[in-house]
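By written order: A, B and C. Residues from 1 in each chain.
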Amino acid sequence: MTDEMTGTSAEETPDAATPDEEATEIPLAERIEAILLIIDEPLGLVALAAAVGSPVPAVRQTLEMLVDDYDGRGKGPRRGFELREVGGGWRLYVREELDDVVAAFIGGQAPARLSQAALETLAVIAYKQPVTRSQVASIRAVNVDSVVRTLLARGLITELFADSETGAINYGTTDALLQHLGINSLDELPPISPLLDDGADGFDEGTIR
Amino acid sequence: MAPSPSEGPVDATLEESAGEAASAESAGFRVSLSNFDGPFDLLLNLISKHEMDITEVSLSAVTNEFIAYLGQLEDDEELDQASEFLVVAATLLDMKVAGLLPQGELVDAEAVALLEARDLLFARLLQYRAFKEVSAWFSRCLQREDRRHVRAVRLDEKHRRQTPELVWSLTADDFAALALLAFAPKEIPHVGLDHLHAPLVSIREQAAIVVTLLRGTESLSFRELVAGVAEPGIVVARFISVLELYRHAALSFEQLEPLGELTLRWAADSWSDETLATLGADYDR
Amino acid sequence: MTDEMTGTSAEETPDAATPDEEATEIPLAERIEAILLIIDEPLGLVALAAAVGSPVPAVRQTLEMLVDDYDGRGKGPRRGFELREVGGGWRLYVREELDDVVAAFIGGQAPARLSQAALETLAVIAYKQPVTRSQVASIRAVNVDSVVRTLLARGLITELFADSETGAINYGTTDALLQHLGINSLDELPPISPLLDDGADGFDEGTIR
């Protein structure tokens, strides 16, 4: 399927300068935009060049072109987002003039209360941390991806570390949760079952009935 | 935009990307019977198009071949293919039972009901095949989308601060109670298998009893034939053996009105116990 | 509901040229782009219109314009991202041809595939929802409990309601499934044989047993 894709693109642009670089025939600007769309944190020039497989100077030049493009100095209209270099890295930001639109949307959007599903997921993470998303999902018997995202955004849980083997991220609760609960440490969480204390592992086997 | 599961495209892409299991089956599992030799899928096609008589197909032979075939497969494939085979085999068995039921010239309510039942069985087989075919579309779409990347970036710190303050009303004890609730195993009811452990009944043994009883007397009603039998399985087995014996022209029967008394008469000119030995072989496990 | 919305909004903004609407002077396309940049779930047309404070028809039109624009049919170049309506809402996606570039960058592991049994069960539920487990089992003629559990854990199906008489749980598909399939609504499922439509109710009852 991938081969097919590349083949199609190759046909579309037969007169590329270097015939041997089939894989990178998609314009550099597009490749950079693809990476920019998915990154969470600003990405440095060198890392970006590595990601798109092009030399640093070309990437720098294209980034500058994109900045102009998004600001409306290219062929198309100005964009609602802009490309900025902040703290040594590049990233897409909402254009500042539009912050009010975003603020109004977020203010009206986020529920002020956690849903029952979010609270239960939070409880599972609190008592079983460190715990991965799939472990939580198997306990809750539902998909918890969006709930975990909410809890992260609310600062109630945090990413602790990645499992050395699987790379799965382990989550734990934050001090913010302790403050909400009015306790000083996790030790003060009320014990919920003797089974939980001794063998967290046995738990997955459905020992509690 | 959405590709339609019409024959061509689905089959084509099935081979390439989607159901390895499905294509492996059509390519892999072949049936060799006395009256048919070819892929399992083709057999199903012929039967569902009425181009082959289901009653002529030995299910036990098909099953034997399938089990032998499973032995050569990897574990994962095996599970998928085994469950699929069970679906189809169960449907074929139903169809076969319906196919074996005698169809007289009389068009009475029962005959019509029987025809409807047969149609329903065909419909069920077709339905299963339709879902199986469309599952290839699901597989293709799921795999295509799995490769896609969507923008799902955490909010900027700047915007995060604008989210409304969280309303928190739980005490630590409330929270613990919630945790207990969350950890409570979810009740997932399951279908019990107890009913599968009914004692096995041999059609051949029951046929032997039927033959013995019938040959010793001029005529016998089915009610008399099963008098004193408490187990439903045995009643069913005796009924099936009556049908099988009818196929072998070993008996005749008479029923004056629908649901009325079924009178059976021994009608075989020449009967050997060898016939009895092969009787009901299709039902063997 | 959309029509009603449209009517109301249209009345509210009878004239685009009104000079007193200073706040919304930023082009609609930019406002939409700002919202698209920050959402992490598909946003429906009506919600999007509410977020940017513009009538639904104008938003719809602008979205279509943006789709064309990003695809290179506008004034500017084709973008490395595209705008898609999936799972009941709009979202920015990396252009399909560039997925390999992104995949290589984030080094994602191949997601676990659904088994053939799970796919077939999913198909049955998608077409026949709301449907109980035993109804699904009667079509597939096998026990589907563990498969249903897998589909629930993946968030592809959800419990809809319990049958008032039998208490059996009815299942249906989720918006997440639509997203995973890359379609916008159940209407986009491919049509299956007409036989299933008329006779469907007949054989669920297990008439044949």
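Just so it is clear, a residue touches a chain if its C-beta (ideal position, glycine included) is under 8 Å from a C-beta of that chain, and two chains touch if they have at least 3 such contacts.
Since we're looking at a predicted model, the values are computed, not measured.
The central chain here, found by comparing per-chain C-alpha centres with the mean of all protein C-alpha atoms, is C.
Averaging C-alpha coordinates per chain and comparing to chain B, the farthest chain turns out to be A. With each centre defined as the average position of its C-alpha atoms, the distance from chain B to chain C rounds to 34 Å. Taking the mean of the C-alpha atoms as each chain's centre, chain A and chain B sit 46 Å apart. Computed centre separation for the pair chain A/chain C is 21 angstrom, with centres defined by C-alpha atoms.
Under the contact definition stated at the top, the residues of chain B that touch 2 or more other chains are 149, 151-156, 159, 188. Under the contact definition stated at the top, the residues of chain C that touch 2 or more other chains are 36-38, 40, 81, 92, 94, 96, 102, 106, 149.
Across the interface of their complex, chain A is touched by residues 16-17, 149, 151-156, 158-160, 162-168, 170-173, 175-176, 178-186, 188 of chain B.
The touching residues of chain C, when paired with chain B in their complex, are 36-40, 81, 91-94, 96, 99, 102-103, 106, 111, 113-117, 119-120, 122-124, 126-127, 134, 137, 139-143, 145, 149, 179-183, 188-193, 195-196, 199-200, 202-203, 207-208. Put simply, chain B touches chain C in their complex at residues 1-5, 19, 21-22, 76, 79-80, 83-84, 86-87, 90-91, 94, 117, 120-121, 123-124, 126-128, 130-139, 141-156, 159, 188-191.
Listed in rising order, the residues of chain C touching chain A in the complex are 26-27, 29-38, 40-41, 50-53, 69, 74-81, 92, 94-98, 100-102, 104-106, 109, 149, 152-155, 176.
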